[in-house]
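Listed next: structures, encoded as structure tokens.
Next come two complexes, and both contain chain A; in the first it sits with chain B, in the second with chain C.
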Partner chain A sequence: MVVRIVDYGMGNLHSVASAFRHLGCEASVTSSPDDLKGAEPIVLPGVGSFRRAMTQLNRDGLTSALRAAVLDDGASILGICLGMQLLGEHGVEDGGSAGLGFVRGTVTRMRTNLEPDAKIPHIGFTTLEGCSGSLFEGLPSEFDAYFNHGFCFEQIGDARVTSRSRHGQDFVASFETDMRVFGTQFHPENSQAFGLRILENFLKVA
Partner chain B sequence: MVKRRVVFTLLWDRGHFMLSRNFRLQKVGDLKWLSQNYNFPRISTALDELVVLNVSRGEGSVEAFAADLTDLTRGVFLPVAAGGGIRTETDAALLLRSGADKLTLNAPLHSDPDLVGELAARYGSQCLVASVDFTRAAGDSPVAAVDGGRVPLDEPLRDTLTRVEALGVGDVLLHSIDRDGTGQGFDCDVQSHFEELAIPVILSGGAGHSGHFLDAFRKTRVQGLATAHLFNFIGDALPNSRRELLEDGVRIAVFSDVPALAGEGAAPTST
Partner chain C sequence: MTSLFWCTNCLNMSTRPRIQFDERGWCNACQWMERKASMSWDGRQKELTELLDRFRSTSGGFDCVVPVSGGKDGSYVAHQLKHVHRMHPLTVTVRPALELSLGNQNLLNFIHSGYDHVHVTPNGEAMQKLNRYGFIEKGFPYYGWLISIMTAVIRTALNYGVPLIFYGEDGEVEYGGSTETRDRALFDIEYMKRVYLEGGYQKVFDLLDIDESHTYFFRFPDDAEVADRSLHLTHYSYFENWDPYRNYLIAKEFCGLQEQDEGNVGTFTNFAQNDQAFYALHTYLMYLKFGFGRATQDAGIEIRRGAMTREQALNLVRLYDGHYPAEFLEDYLRYYEMTREEFDAVLDRYANREIFEKIDGRWTPKFTPGERFEW
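The block that comes next holds the complex of A and B.
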């Protein structure tokens, strides 16, 4: 199995690729739409601006290639952090822009209504709650994962929320759909042994 | 609620890892030495974050640094912030392709704020760690110092930090030059100079044993504490410190003791 890691100039690509290679899987980092044809699993990593990321994906022809791979070829996809957010419909950052639209939901700036002195961006390990679904097979229902973000989904549609977390506010920490579209707001590749297990679980269902 | 962080800093100088005392550097060994003497992937499971700083003087070391960073971070699955010597967007992109999850910036905070702004716009503020060194050498009031800690800035530390935060960084790694490598404990009193910051602060410099971590976590509201002491905090010392902190009620992440599952045997060595 070859995992295709999408390079649109904004990710911690090496860390993601290195984690999959550690699990004994081949990982190819690509920015070519042609490489996204077929059903092999896709990982959309990313740190940074939603708007800039979508501009880059649109310009490189990756938006339509990703949609074709997932909707026509049946490829499963895992979006990590910004990559998860891009799977939604809309991001409000920087004037707002449309996302890939695999799930319904808007990415909003994190609020601190539950915890007024919470620092944003949310950086560090925080507890995942209510973990369920295929990515969490064999893992506890609560454990600590690494987050590094300033925006989030409060709610999401057309998907099952498979964990939530709290920092300043309550937010979606992960989801999955029947189309095998997965998203983690946290970084499995930076979350020690628990995180590796999540990537391994993705490979199992992909 | 985000947990507090135990951070280790590795200092890299043209292929060697260094021990620092008051910013005077002493060579301890290269990557091969590090992997032979310390099982770094195993030690890393006791850390929340790793910072790798290129402290080389002179030009042209970014590529060599990036190559060593790739080897070093193989089998390490925690956030890695790397920097030192980032002068262009190309340097930054290279490090992010070589094992860095975040970028650490020091000189450009003062000499090239436009670069910092551009990196923040591209990668987001959560990708940027501002590394600020400070000293109390000129009296009680701390000031930031640049150029390897040799040139103090002509403004209070508080003003420097406020300015740096406004550039769009996500974290501040605040390092005491006076405590650096001394093992005398953290400079907890510096807290009053960063209390107004909205972004997290990691305090560094002075850790000699795990009691210093506990003391500083209790006395201050810092998000994280860092040490660069290769001898005091290596081997079982880090896992032991982490366990003690948890037992003493410090809110740090609990990691699985389970080895990295399928990958445990598959981790390639760096040599």
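The block that comes next holds the complex of A and C.
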């Protein structure tokens, strides 16, 4: 099995690729739509602006390649951080743009209604709550994971939310769908042993 | 005591015309959403098939008219009818005043994606008089256009001998309002006059001294012209679960729809209502009259489709609603032939003083969105 890590110029590619290699899995970093054909698993990393990311994906022909891989070829996909947000329909950052639309959700700026002193962006280790689903197989229902984001999903209309977290507000920390579309707002590749277990679990179901 | 409140599920306000709430405080749009989630669409899909089969053209002629602007909803309906249901739609656009270039580009993209299309331009002088009158007297900045998208579309259908008109969504049912057509597929011209025009407008032509020869596209055909012709009006949203965002994705993929590069005035979305400058003024007046703007409407749609929490939506509404459409101000003044003072005086006429107060020259809400307000 080869994990295809999508390079659209905005990613934490190296740490994601080395985490998979550490697990003994072949990982190829690619920016070519042709490489996304077929059912091998795909990882969509990313750091930065939703809108800029979509502009890049659209420009490089990766948006339609990703849709074809997931919807037609049945490839499973794991979006990490911004990559998870791009799996939604719409992000409001910088005037708004459409996402890949695999799950029904809107990405908005994080609020601080529950913790007025919380600093945005949210950077650091924070507790995941109510962990469930296939990515968390063999893991405790609560543990800390590494986050680095200023935007989030508060809710997703048609996916199973498999963990939530809180920083300033309550938000979706991970989800999965029957189409094997997965997302983690946190960075499993930077979340030590539990994080690696999540990537391993992804490979098992992918 | 009078009070102002919000739907406890979405953010529809109690000031919205024709809205009703149930014992939970849910508006009729949310009640409808709830029912849609569990209802079977099979019966309505069958109704659609029967309707289409009844009118389907076998001679190469058009069998239905779809009003389009190049935007997501009309494009979606035309796409479904042509490619899924194998109908022969004639698409029709009534040109608005103060078109935007993005809207024009979207319309061209749509037409070139393979549709027969008629572009109707109602008399511009009459349109200007009606729009100006509507703005001043009714607080409808594109009153003339609102009339013509009904009258001109119906005339086009009759003139081409097309028996069926497909509008997109039934705004009353989907977004909160009258539930009269919720369980009825077809409606008639009388319903249209009553609900969308909120009463008569015939006298306006005389009042504004509009030359009769300029009114053709603003008048409904005489009863006699319609009586012996078959003409059926319906909303596509009656037949399936209407989802504006899905429409957008389909229109983007198949009909060349593009979004606004920068955000839209007064809301957080950039994929709806990009065809004319007057829409921003329309929603600003709606805000001054009723207390809710474009962001509240957009957020309500997202909440009802489960893509956003009410809290998240409230936050966006507080950020975006009630934005004075300064971007287009010069265009408005030129079009209406008004000074800034005259223009603002019209806005002042419609601001609901019970819920707004003027601070530093801008109407500012006395209420906080989402929090019951009494006076």
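Please note the rule applied: the second predicted complex is superposed on the first by the 206 of 206 C-alpha atoms of A that agree within 3 Å, B and C clash if a C-alpha of one lies under 4 Å from a C-alpha of the other, contacts with A are read in each partner's own complex, and residues count from 1 in each chain.
The rule is simple: a residue touches a chain if its C-beta (ideal position, glycine included) is under 8 Å from a C-beta of that chain, and two chains touch if they have at least 3 such contacts.
Here the structure is a predicted model, which is why all the values come from computation and not from measurement.
Undergrad: Could you tell me if A:N113 is touching chain B, chain C, both of them or neither one (first, second, both, neither)?
TA: The answer is second: A:N113 touches chain C but not chain B.
Undergrad: Where does A:H14 make contact in the superposed view: on chain B (first), on chain C (second), on both, or on neither?
TA: Touch status of A:H14: first partner only.
Undergrad: Just to be sure I read the superposition right, which of the two partners does A:H187 touch: chain B = first, chain C = second, or both, or neither?
TA: In the superposed model, A:H187 contacts chain B only, not chain C.
Undergrad: After lining up the shared chain so the two structures overlap, which partner does A:E176 touch, if you call chain B first and chain C second: first, second, both or neither?
TA: neither
Undergrad: Considering only touches as defined above, state whether A:D35 meets chain B (first), chain C (second), both or neither.
TA: Once the two structures are laid over each other on A, A:D35 reaches no partner at all.
Undergrad: According to the contact criterion defined above, which of chain B and chain C contacts more residues of chain A?
TA: Between chain B and chain C, the winner on chain A residue contacts is B.
Undergrad: Go through chain A and flag every residue that touches chain B in one model and chain C in the other.
TA: Dual-contact residues (chain A): none.
Undergrad: Please name which positions on chain A make contact with chain C in the complex.
TA: Result: residues 88-90, 92, 94-98, 101, 104-106, 108, 111, 113, 154-158 of chain A touch chain C.
Undergrad: Using the touch rule from the top, collect the residues of chain A that touch chain B in their complex.
TA: My answer: residues 9-15, 18-19, 22-24, 47-49, 52, 82, 115, 118-127, 143-144, 146-150, 166-167, 187, 189-197, 200.
Undergrad: Using the touch definition from the top, list the residues of chain B that touch chain A in their complex.
TA: 1-5, 45, 48-49, 70, 73-75, 77-80, 93, 96-102, 121-127, 170-171, 198-200, 223-224, 252-256, 258-263, 266-267
Undergrad: For chain C, which residues count as touching chain A in their complex?
TA: Residues 245, 248-249, 252, 259-263, 268-271, 302, 305-309, 311-312, 315-316 of chain C touch chain A in their complex.
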